[in-house]
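Paired with subunit B in one complex and with subunit C in the other, subunit A is shared by the two complexes that follow.
Coming up: the complex of A and B.
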């Protein structure tokens, strides 16, 4: 490599397309200045800008230039490549060209969102210049085509897993559904009448799980969990363990006895119990093309002493109250629990949700649930309405921060609660209600004290018989799956999609899709929407019978290779590189040969070749050298 | 930081960021709008194990003042690559010493997809090194 900085002239015609991103980029980067400078870079035949390069008109700019032969290499300078690299490759493909003649410059996340002024414009220019340097050295590539197994695995047997499994089966795909517990229905089974429609959870689950169990394309495994994971999209292999009856016997018996139910029936507050677990532990493997994660949520468990929870027996959670109400057979105008009349009932919202650093304490693991769990306001109002309409002498007090009854038919619950004379008291995050034992002479066991924002800061005390903590959602702990599959997890511990708006059910690991509340708090309708979306994405991956993997694998220049075997020695995946005998120019020689299906594309071979005879297609050493040349160049931003 | 005028060039920092960990980690810093020095140029790499020792030496020769290899560390999707990389960086340090190049100019670190604070720390620390040492005098070490 030359010690002098020089810009190589490429014979290619490079098109540079710079995005304003509606101001996200152009507010901090002088996009037109970048364009003016880019136009002067050797090899660049055209440089254009657009308000949204990812929009149809933006993509059409590129496609038109390609079709007209104005450009034969494309650089787009816009947001992170994880968002739109595929968009632009696809546009190139639709213009009838090879999608791998493309390079991306990230001038939003790496420039306009972190730098400002002239420096931002200069850096954006250099990143564009570096991208053109790489683009000039790109060659058309063909994707590696691998047969895809027309089979899907759904992990989790709650509403999301059941919905996804049924949708995949309806598309003609064989499905394995793996559920950890002996029951189907997940957290929905812990509910009774569901807001805002009043549907019975039992009916919803019995219907959906019934469809799944009757479908010959779906193999359901309860008491099962994934222990091993390997492979790639289209060809995953899972090791599954099914636990024996003994492990789960207590839980099942405890549920079955009081309900008097048999296998095959829905057990309230447990789920549909399809069949007993196996007599002994079983292990088996599943070969599958795609995986849908529907691992769900758990209800937040208040810590000891949180609003008196665990210390005062009259403090319970909303899921507990829902169960009590469903199992309560006592009639009367006042709600009775354990023989006690509940004359005043307090419900405290946002327990375990919307926590604020510095105001609320972290849990033992250092977690603080800063998110809104979204479903609890409606669930609480629904429960308050049921109580007020069934037991008119039970007065309900709702202590809330904000009421968030989004979605069809849910705001009406709030209005209904007002008509039902539910009393609302509003508190600020830093002024949480205080729950204490009642020392007054009246016979209410508890008092709830709050600074009520609705009466402009008046201190209000309510004597109550029961305090109900409206607990939010937390993701189930799936750290083993996360580690095995290398799945991204958000700071809130929910699984993290590629893009919250544009690719909401895909994970960065190709072939693994998201369904339901493992991703974020959702209600049942939203969960089914997400699950169906995950199923559609999964089915789309398998529809062609093959998957195309990026062709970013090693390639040997047989004329430069002299068969030292250093690359074979350095190779990290056995079988990906071999020294083989071949004839070159009529002579028998040993040369390195790549097995593309096995090559990981890591480049360990590239660094050790004394002849620079092996490189990774699409990511060559020469391309990096050319990029560095541009970065150190003073000419581009001059 | 060195000001950009006719005499003093601002030291440029090259960041080799793995596409599965550190590059999305840098995206995450962007999403958080956490500002950092603009003399940083992030190149997306599949694995930094691709680069031979000479690549780093040539970068310094061309005028790059500091290089941060932001790898996936133990989370590397290519089994064995991180170990091979660490060995290569060690050998690069030996070669840098032989050329009288300050080895603090090259740093190997691991950055995850949400390691915003660690990313900013690395960038700030390398900037301190670059400020202290100035750009490498081409062909003369530093």
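Coming up: the complex of A and C.
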């Protein structure tokens, strides 16, 4: 891998393989014409076509040429490299050759899908020609192999974090679980009976957290947060701070006394309280191989005046109502809150969710939650059913935009609500209900007025005793972790996976995985699915004892480098480039040195080196120049 | 004009026949299949029952007597809310209210 490595084989044997993509390419590109032209490019020894180059026969074509020694560099012209670059690299590997002697030309997305006729054929030819120019200068590379520590760290002690920690431990991996609060169970602890099964949140958390606490290979740290982060997949180092959290601890102890609860028990609407916070602040570091982020969500807090929230005391949120219902001991056929009979109760859906630019105002920070929070419809119907079945004298009105009860057993909640004679009123986004004080003589304190789409746009007014705002989910603020770990965040502020369908729990930072609602609104079942998936991906990374990183990193030519240090200054990832002392020709000099595991392969160093002494493997300046020369050459498309 | 929600009306109506209006999820199949009357019949009437909009029912009561009880709405209702039977109940309710007024 050093710069002195000569290209071991004669680079004049480039194989070009052009794909029809079953018409996707060949309907607009004259593939045979591209082949004829490619064959004439200097260095190309064979040019072949196939209906589907990614098919087994297509791949076999390439492998056979490699095995026969007909070619020693491969160019495939087909779809986007994100789709099949790996396919062809692994075909080369299976033919017993180095997979990095490969270059990909995208003549589908970049050509046939956007150009037509002769021009399409010409552009395809140029892209193929450029790829062959680069291929001639490719050298075999080896992936960077780093030893991986068989240890995982889970950040967040809610259901996602607990599930991931337990799954990793079951796989034989030591786990550190870091939870910010003194409790385990996260936002699930803010619930009571969970839809659609009717399970108690307390039981679910006690069960799962109990398993985690009893597992010797999981070290649980409450009142702890990650302060420092360094390293790379397989070898991360985290600085953790445990806070004594004096005030918090006192509150909890005060809460514990009257309830007779002791550490180790579940405290309703707080979580499982394993042990008191530490007496004083502590700091320690964790060396770990993978990190699972399970930082969760928080419930949307309505702004002052949103549907009267904060102005009218009879306007509360759904989490608040759930807590009131759970703690309410008053018997009777009508729900009573603070001594007041709740005869009519209005629930307004989609508060803080599904907002539309131009229709709804942004919050102070300019955020607008355009996403659906997904779980609130079921939670609302579940609560409405509990109320109607426990307090038949309390009537429930639901003001909704759409009812989205996806998932097994959840549409049934809607039917159950219909049977329970819950009254549904539907509004369009631009016609949100209005909540106001009731000035009429009847004794209902509030009125909810809405243009009801189900009554053909007639104005309908409901006199009510209580308005419940069905608040959605927002991601917890983890900006410190995001900055430290350089994690991508979506426009919705949830953490962003690599690919929503094919790689749903991986982040673009290798070795950091997603679990649960830090990624998107999810219910508890989906959260566990995501957490288990994250745990499996984490375990898979550690299973071999080492990790392999792509070799597309910077490399210094020690003969040209004269130690200006410009590259070190330009480097975007601290630790990737250093000036070190070394002996060259008997003289002590300072030279740039790359730490491959830290290098992002961005090329910032290449741009600033006055001596052209640094390059990115697989993307060298010479390779770029050769590609550009080919594109501007008049010979290829003659 | 504003319609007021009155959830107690459902109870009042029980006396006049089977109360299945709350089963309705406002799909409009009944109004589409009704061969006689346009203007969202019988869907709108059933919606008024759900809301307890008694005044609106009485204002539009003449619509009820254009219904011939062919039964197509009841046959096609996906929620088995039995619109035909509900219309009959409404007729009884209206007649009763007229007698008293």
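Rule of thumb we're sticking to: the second predicted complex is superposed on the first by the 429 of 638 C-alpha atoms of A that agree within 3 Å, B and C clash if a C-alpha of one lies under 4 Å from a C-alpha of the other, contacts with A are read in each partner's own complex, and residues count from 1 in each chain.
Everything below uses one rule, namely that a residue touches a chain if its C-beta (ideal position, glycine included) is under 8 Å from a C-beta of that chain, and two chains touch if they have at least 3 such contacts.
All of these numbers come straight from a predicted model, not from anything done at the bench.
Between subunit B and subunit C, it is B that contacts the larger number of residues in subunit A. In the superposed model, A:285 makes contact with neither subunit B nor subunit C. Residue contacts after overlaying the shared chain place A:459 against subunit C, while subunit B stays out of touching range.
In the superposed pair of complexes, A:572 makes contact with subunit B only, with no contact to subunit C.
Legend: residue contacts after superposition of the two complexes on their common chain; A:419 is shown touching subunit C, with no touch to subunit B. Applying the stated contact rule after C-alpha superposition, one finds that A:430 touches neither subunit B nor subunit C.
The residues of subunit A shared by its contacts with subunit B and with subunit C come to none at all.
Contact residues on subunit B toward subunit A in their complex (touch as defined above): 9, 12, 14, 20, 24, 26-27, 29-31, 33-36, 38, 41-47, 49-55, 58-59, 61-64, 75, 77-81, 84, 88, 113-114, 138-139.
Only residues 1-5, 7, 10, 22-23, 25-26, 40, 44, 47-48, 50-51, 53, 79 of subunit C touch subunit A when the two sit together in their complex.
Within the complex formed with subunit B, the subunit A residues making contact are 1, 3, 5, 80-82, 106, 108-111, 113-116, 119-120, 122-123, 126-127, 130, 486, 488, 490-491, 508, 552, 570, 572-573, 600-604, 606-608, 616, 619, 621, 624-625, 627-629, 631-632, 634. Across the interface of their complex, subunit C is touched by residues 344, 395, 397, 418-419, 421, 423-426, 449, 452, 454-456, 458-463 of subunit A.
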